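Take this structure, written in structure tokens, and hold onto it; I'll ask about it next.
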């Protein structure tokens, strides 16, 4: 049982990054009632963006993240304007399919341009040995970055005007509109932020895992699980859900084959949805 | 329709044959194009290996045609032509495209796509439509337990892939007892490690960990964390991308063991890009440019030699595709062509039944090693003649990674080393 | 008695929506249910027809306990309802909307007999001309009539009408009142929530008054209108009441 | 009801009937393979339509029944030696039983929550099957080639499988139509439009939507068995491809959900479009992106799908385009 500790720590570190991706998804859901099926593809774009900044411009991946933030925010606005604005009122099926179409377009163009050969950011931040635990520097930094981003998001949502507007719309869309918050701008902003979080999470992941344009799919599914565990529409819940999932991925393999982890994850996902759709944290 | 098409081709061939024998000038031999149909993963997760394989095959086609084609006893000259599609590493596409290759493009012979899973899917279609398929880049034993009679294998079967590594371990570290196996859960890797496990346990080793990961896995931390302390060897892996990542993470996590032996990726030249992480990693290769197969050795064993020598193959390959040395995927692609060429020459025909009989009979040495097929109904087409070469990455004089053949002794170009302290 | 509501209470979290509500409704009558906004009238309807179960108490319909039964079971036993906020099935035609009532109501008609029943009900509410339009295309007054027709087509023993007059103009109200009277004359029992006092007073045989979830009065329109508690809670001004009754 | 007198039934039935017949008459293998794929998607999309179009429950995991039913049917063929038609029936029945169990849990959810849960069900099933040894774990199951002998060799077996698929898809069309025109179907429409109101009107929504789920799940199980039998093997990644689930959904939307003809036209159009893009020189590398663009345009500008648009544009055609 010596390996439990490193396992859990590895899980928690990656959990922070999962959490950031899931926060994006849950923010979009909370404000827009849209399940963004283009989330994974956006993450993959974040990975590529970081990769090219690193390999072509020799930009440190963590500095590169600033560029990723700006670009992905704009990209989010673009998607909202082109694919979502028109159908945002037509119910969840339309928006699901619109985001799925965006996903197909990104993956399609990505495959044609980047091919699907795996890429690797050859960046090492060393590793730290603490007794039986060996921590990879890149994972540690990614977790740190995730905490910083969460903090920044919190400050934004609670202490700025647009942030408060987003929260207001998330809580009650009809009421917020009555009070004159420009809903459509808020929706665009929320989608931009969600996209940004996805791209950043992708960028962070790319510093320690190889990736292709298709890599986002796995993380997108994990994000769904996390959002449901943490309560759909609850950004803080998403972070906690991410940590929970990370820890689960660390603990479960210690007593059953690793390949059973997804079975546990998705069964848990369905159970929580059915029994407590507000999430493990949420009120009944 | 197909029957009709075949019949017509027959009639045409017979007609041509009669026509030309009647003609006084034998120099005007009939020329016929033989279509080789295959799909390749130009996109999808297996494209690196697949493209090498295609390069090998295309080199063979080019050389055959340059040499004037295959001449049949009746004077017909066969020119080779390739017809291929991108299968995107997707099985559905493979089946759809092979059906198309057979029925629409009228392929005479089929070469398999790269990887056991895809080859398996294609083999079903080949057999259903009664076409001969030479599999290259596919080594699942199980493909040949399904009752196919027209599918022939170029590679050493998966179950024997890492057997040499176990033998090497016994030599290198006689006190070693415990092996941990981490493998991709696809057909090929599963067949390999099942064979490995059986072989290792037969030799008295203890398999202390046996875990599979999904194709496309990038995070191996949960697996690496499960490796028990004091393990003597870590074995397994899968295909290039995942095995490379596994190797890197084994290094980053400072896993201490005597030997790391992995599938598929280590023989690849690109594996050297891992730098320090690849040092001492052992892999098994279907073929290496340093291989010592020669017409003389073949003669000593009393087996016929066929095709170019190892040196010629490497030279021609580099001339066509640039500096990079051919890998075993490329060699396998070329060898698949040779297998077919030899059989067609022997059969003196491209008739499926006749070529099949020639293939069943085939026993030869090539630059790629010996080729001989199982002809029992239970495992028809399984490769019996060919042997694996065990390689290891070591540091050369400049400290750069260098690939050394270490086993079997007959093929070795250097001494094997134990995994250094990390 | 066709309907007996016995000591029904309903609590949502900390909110006591209904408390100890008791009343009985005799067959063939029209009973008006009145009370200020938020008094719990629609909640009472929801409890009666099984949208949610009461926290305490019993609902007995035609001698049978229906407390806690799901709403479709209640509907099958012969209790139909027209909603306050119209809820047409938008992508179905008007006729199909009404057929749903006939198919799944008390008599459980087959699709073909439901069609003719639907046409009858549509004729009765004066919507037959629009039978083939999509429900989406109706205006509010027409949608109200559609609600009524749908409930009627179920051939219920008891009709719950939730503010079917709200949002209609005076001539539409007169028409609807006429329709309700004919329905009663055909032998349906009706329990109706209504805000338009003049209408409810003139049409009801009995009236009960709900205030803050409690029943504060009951009786014929005259009695209720003169009940000081009612006047205090709801009507506010006795003179106004007198005027209303005089009209 | 006399099916033969229903104008809304004929176009759909004839379309599928004749296209199958043409393939049988021409007897070309390549054509059969293409037709097999198209028919398969018509069957899958039409069966999804029963739940998604008629009942309004958007199932992202329709493929789970294709996978599980197909796996079970294939298991019956390869391990138990059943003839393929009985095995397919077995696969269908198992799918329905599973739908009953899964439905008991997830049909309590509505809207996007239901959609999300079905994604989870699909992933859980895939992960489970790839660890489930009786089904061959991650490497799946295969039939020995001799299994085709009882149908007169592999070539004949493929034709036989094609005919079975054709019949199954015709059955899907007939059942879809009967459901749509029945009292039960009217109840489903009511549930789709407003479930609470439907219940107040007497529709037993929990039971009816479970029934719709069962029917909708039955056919993918049948089709899955036939498909894997044709392929000769089954593996978890082929059986539970989320992408394929989404494609089926796209087909329903493309043609028009809730209509009998919609999924047929949608499946046909989508498959042919993809086939064209894949073989075209210009679009070969961009086929996915182009399909995505087409989907986006449909969602944004023709939400009723192709057939839905025709119905709106030409009201006179409505009775034919059900």
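Order as written gives the chain letters A, B, C and D; numbering starts at 1 within each chain.
The working rule: a residue touches a chain if its C-beta (ideal position, glycine included) is under 8 Å from a C-beta of that chain, and two chains touch if they have at least 3 such contacts.
The structure presented is a predicted model; accordingly, all values stated were derived computationally and were not measured.
Path length between chain B and chain C in the chain contact graph, taken as the least number of steps between touching chains: 2. A simple rule picks the central chain: find each chain's mean C-alpha point, then take the one closest to the mean of all protein C-alpha atoms, which gives D. Looking at A-D and A-B side by side, the one with more C-beta contacts is A-D. Centre-to-centre separation between chain A and chain D, using Cα means, comes to 32 Å. Rounded to a whole number, the gap between the C-alpha centres of chain B and chain D is 38 angstrom.
Per-chain CA centroids place chain C at a distance of 43 Å from chain D. Counting partner chains per residue, chain A shows two or more touched chains at residues 111, 257, 259, 262. Counting only residues that touch two or more partner chains, chain B has 185, 212, 214. Chains touching one another, given as pairs, are A-B, A-D, B-D, C-D. Considering their complex, residues 181-183, 186-187, 189-190, 192-194, 196-206, 258 of chain D touch chain C.
Against chain B, the residues of chain A that register as touching in their complex are 2-3, 6-7, 10-11, 14, 111, 115-118, 124, 127, 129, 134, 136, 209-212, 214-215, 218, 249-250, 253-254, 257-259, 261-262. On the chain C side of its complex with chain D, the touching residues are 49, 51, 70-73, 75-76, 80-81, 83, 87-92, 96, 99-101, 103-106, 108-111, 114, 150, 154.
Chain B contributes residues 43-45, 47-48, 89, 185, 211-214, 216, 218-219, 221-223, 225-229, 241, 244-245, 252-254 to its touches with chain A in the complex.
The residues of chain A lying in touch with chain D in their complex are 29, 33, 35, 37, 83, 86-87, 90, 92-94, 96-98, 100-105, 107-109, 111-112, 217, 221, 224-225, 228, 232, 257, 259-260, 262-263, 265-267, 269-270, 273-274, 277.
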